[in-house]
């Protein structure tokens, strides 16, 4: 029993996670993608950042860690994760004047639980030499018979595709969306696999003619010497420009319900919403800023002006479960 | 007619010569022992005959079939021998019946069954057909191993120390059973052993092997009484070398008095020369003699007699006698005819 | 409680490490309690998942059952059976060649053939995708040669498929079969084959009729490990877009947000594996394929002819090349070209992290496995038997599910500790268990303890019970019997198991990914973060370090088997 008490005492005397000069980040995004921006934050404020990245199971971890979780800020790569966090009661409201000034209200939670930080478009990538009138494409067109065996995409259940399908349901209803999904599935050149870049690579290799992919990957590929050739083979297409506009998703941030360093967390989010960070997001990660004062970086701007789908993100989130079921029903990934 | 004929057999292992220039014959229906000290390459000869070794040369006939020569080396599976090992080597994953039927794959299922029953009847083990080997005693396992080999009607059976794992009490019962079985079926066998009692009990003739060479092939009686070499004489049982003088064709003068010679060799031309004779403990007689210098200092009762030990010229001499002579002074005489002298 | 802590803490120095760990086993009662607690600890993930699965039925499970579950099950079965069949086809002939045949370069192949075990399957998957896909050197060369213009002009094997996954998994998992079956062949009595030969069976037929059936236990045990490993695999099948039951578990949990349904699916998988192993045991009940190896020290050896040697060398070369040399070559190529980008001081620290985690995982798993096996030996009662079984259940659980299974109880414990601190008005220490690398170590040792249990169980079976009785009759207490008799005799298999767990733990990704503390990387997470963004060239250096660190233990393992 002596030993047990000793261990217990040692544990109890360990330093706590609550410290004045740090902020703990749970991130769904690769740590090295946000590293440069976090560095700027530390330089400016003197607050150190600690990151744990995981794509899978991070929400479960926060949930199980409960009130002693060290998490201050949660960074997500899509809207549905933000919503899941708030739905599961893992976040807390915050209200910061700087954040409110920098981010338009429709990119913030009504109850102040989350903010969006960047916008990304679900683009169609089209082979430069094989697709006629690429810039007139709609998502709906992917169901056309002319694309038989010519479409590549990642798993239908990936959050990015789920968001798109959910928006289709919001616009067209379940039955029509199911028919569309089935037709797209039948047009696939290969089973859904890989990530968004791999689809562009496949187009450059002639395996398929069109693919779905987020906008920032285009910039990533163009600046990677090994991948530039892939991007050079395709047009980045903003779909549905003649009608409702291209589907938009957001990355965002929330403050964990039991954040030990809430003030630092707010400082970090305020920084991420500031012009400096928003510019960096656009410049380094090729995303669209949500801060209206910040113009997209030159490379991002060079892909052209486009029309966004104004469907509220909450509508997309609402249809997400239905989208997931449809994808299994048509066995999209099998 | 010889069933096995081995001529000038040489065997190497890892390029080291183990057996060289070995000759051996086994006649039809005969059981021959290959008898020698442990590690003398006996098992190697057996495996060479069975065709399980690579670096062999010489000539081997099994039955009327030439299985080994300069340009022939027939594989083990075509030599029609049957191997029986010390550890039985029953296939642990097969039942008794499946073990016995193992070599009968060319027969129909019904014929196989018939043969298995026939074989198990031979050794009175019909009721064990569906048992697995580990459920049997050692003796039972060895019986199965033997009929497994017999089932294939081999030209010759090869036994490798086949009885040394069996309990001593049961061993000779098993040996007698198997010998009777082989004799009844007129089956020839070659039996490798280092155990003299087993060799004597099981075999018609014994080939004594020393350092890869056969020194003598003879009946047990002949080997025992008239060994051809000193090695054989010593190997077949402990004894005492005595220097003696040849007096005539029938008389030898030994340190313990005169002894009669009854061997086949004509000693007439060696009269006057000295020769060595080998005497075993039962070939001496002790009598109490108060004037003798020799005193029995150690003795052991071994059932049918006493084994008394005394010192003579820095040698310990053992003598078997019917009564106890412990701590008595004794006179020693030779009670047996000498059938072999080493000149 | 106190006995439990004692058994796990070395108290005296100057004694052999493991022996001193057992110093607490002064009385059987303590052993009893330790066994119970260890079994409980090692079954916690399974139990917590079972508790999760008890949550009321949601419609998710029904929906998946209606739509995709059948496909997932079929894929899983094909994958598991395919990998099992392929590892037997690759591993058993190799084991036989090396154990029984004599040919040139055999000594080299004997250890070299173990090396693929150091390759994480997902890394082999990455490299082969790089090599075989459209832009890879092979297809480029073919297109140049035949003048084809695009992918539609010709057929080429698609590595990103179920078949591809089967091949890749088999290539890295066959060494299990090779190692265990080779040991089985080495133990086999030459006499069995000799008898078969004289009964008219050719070497080849004797191999099928005798060597294989007698080595059955080793073949089945090793294939069972491979089977579980391939069912639990996620990274490879995910990369190859093959949907298996593991995919279903992840989908229900991460897409449908339904941990209960995911837990149910995991339980079904684990139960399925238990049933499979149980059926095998029943069917094998009567036969006893191990025999007394003591009697015959003789080894079966076939000297191969020149022609046969060439075939044997060719076969060994082929397997070694595709399972190890080609992936390693591709990685080295990248590692050299991108060295300046990939190398940084962090990599050293990351390697150290991995080494510590792997070392601790192996040590904990070994100590636990020894305790469990020892209590079963001392008192072969049902409770101990069940303890051992239960503690081995982790192997069949996919890595991420295991991670959650570890997280749930540890986080619970952490919360209790913090609440205690609060009530004592101390400052709460935070998540000392669930948020530290202890959680990763625990997840790894629980996942891989089955390897140690299997090995130690097998080598305990070879120790005659009379040895225990002799030692006991000489007045030795249980712990002495353990340290003086058992440990020296099972030493080798303990070493082999420990090293295997070390190597597996070096490669294991999911637990570290989910459970790691802030700014903490292991080699697999480092490799994964680059490889998953199609930057294999930067990941290559880390991957090579994983392989190199794994080589040394594997060579030791191989050597200790050869000296059998």
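The letters A, B and C name the chains in turn, as written, and every chain counts its residues from 1.
Keep this in mind: a residue touches a chain if its C-beta (ideal position, glycine included) is under 8 Å from a C-beta of that chain, and two chains touch if they have at least 3 such contacts.
Values in this document were obtained by computation on a predicted structure and should not be read as measured data.
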Looking only at C-beta pairs in contact, point me to the busier pair out of B-C and A-C.
A-C
Chain occupying the most central position, where position means C-alpha average
C
Quick one: report the Å distance separating chain A from chain B, using the average Cα coordinate of each chain.
88
Return the distance between the CA-based centres of chain B and chain C, expressed in whole Å.
53
Centroid of chain A to centroid of chain C, CA atoms only: how many Å?
35
Residues of chain B touching chain C in the complex:
47, 50-52, 54-55, 75-79, 81-83, 85-87, 89, 91-94, 102-103, 105-106, 132, 134, 145, 148-149, 152, 154, 158, 165
Which bits of chain A are touching chain C when the two form their complex?
1-4, 7-8, 11-18, 24, 30-32, 50-58, 60-61, 64-70, 84, 155, 157, 162, 190-195, 197-198, 201-202, 204-207, 224, 226-227, 260, 321, 324-325, 328-329, 331, 333-334
The answer for chain C against chain B in the complex is residues 189, 191-192, 194-202, 205, 209-210, 213-214, 216, 286-292, 295-296, 302-303
Would you mind writing out the residues of chain C in touch with chain A in their complex?
1-2, 5-6, 9, 63-64, 67-68, 71, 133-135, 149-152, 158, 160-161, 239-241, 243, 250-251, 253-257, 259, 400, 403-404, 407-408, 411-412, 414-415, 417-418, 420-421, 424, 426-432, 434-435, 510, 513-520, 529, 532-535, 537
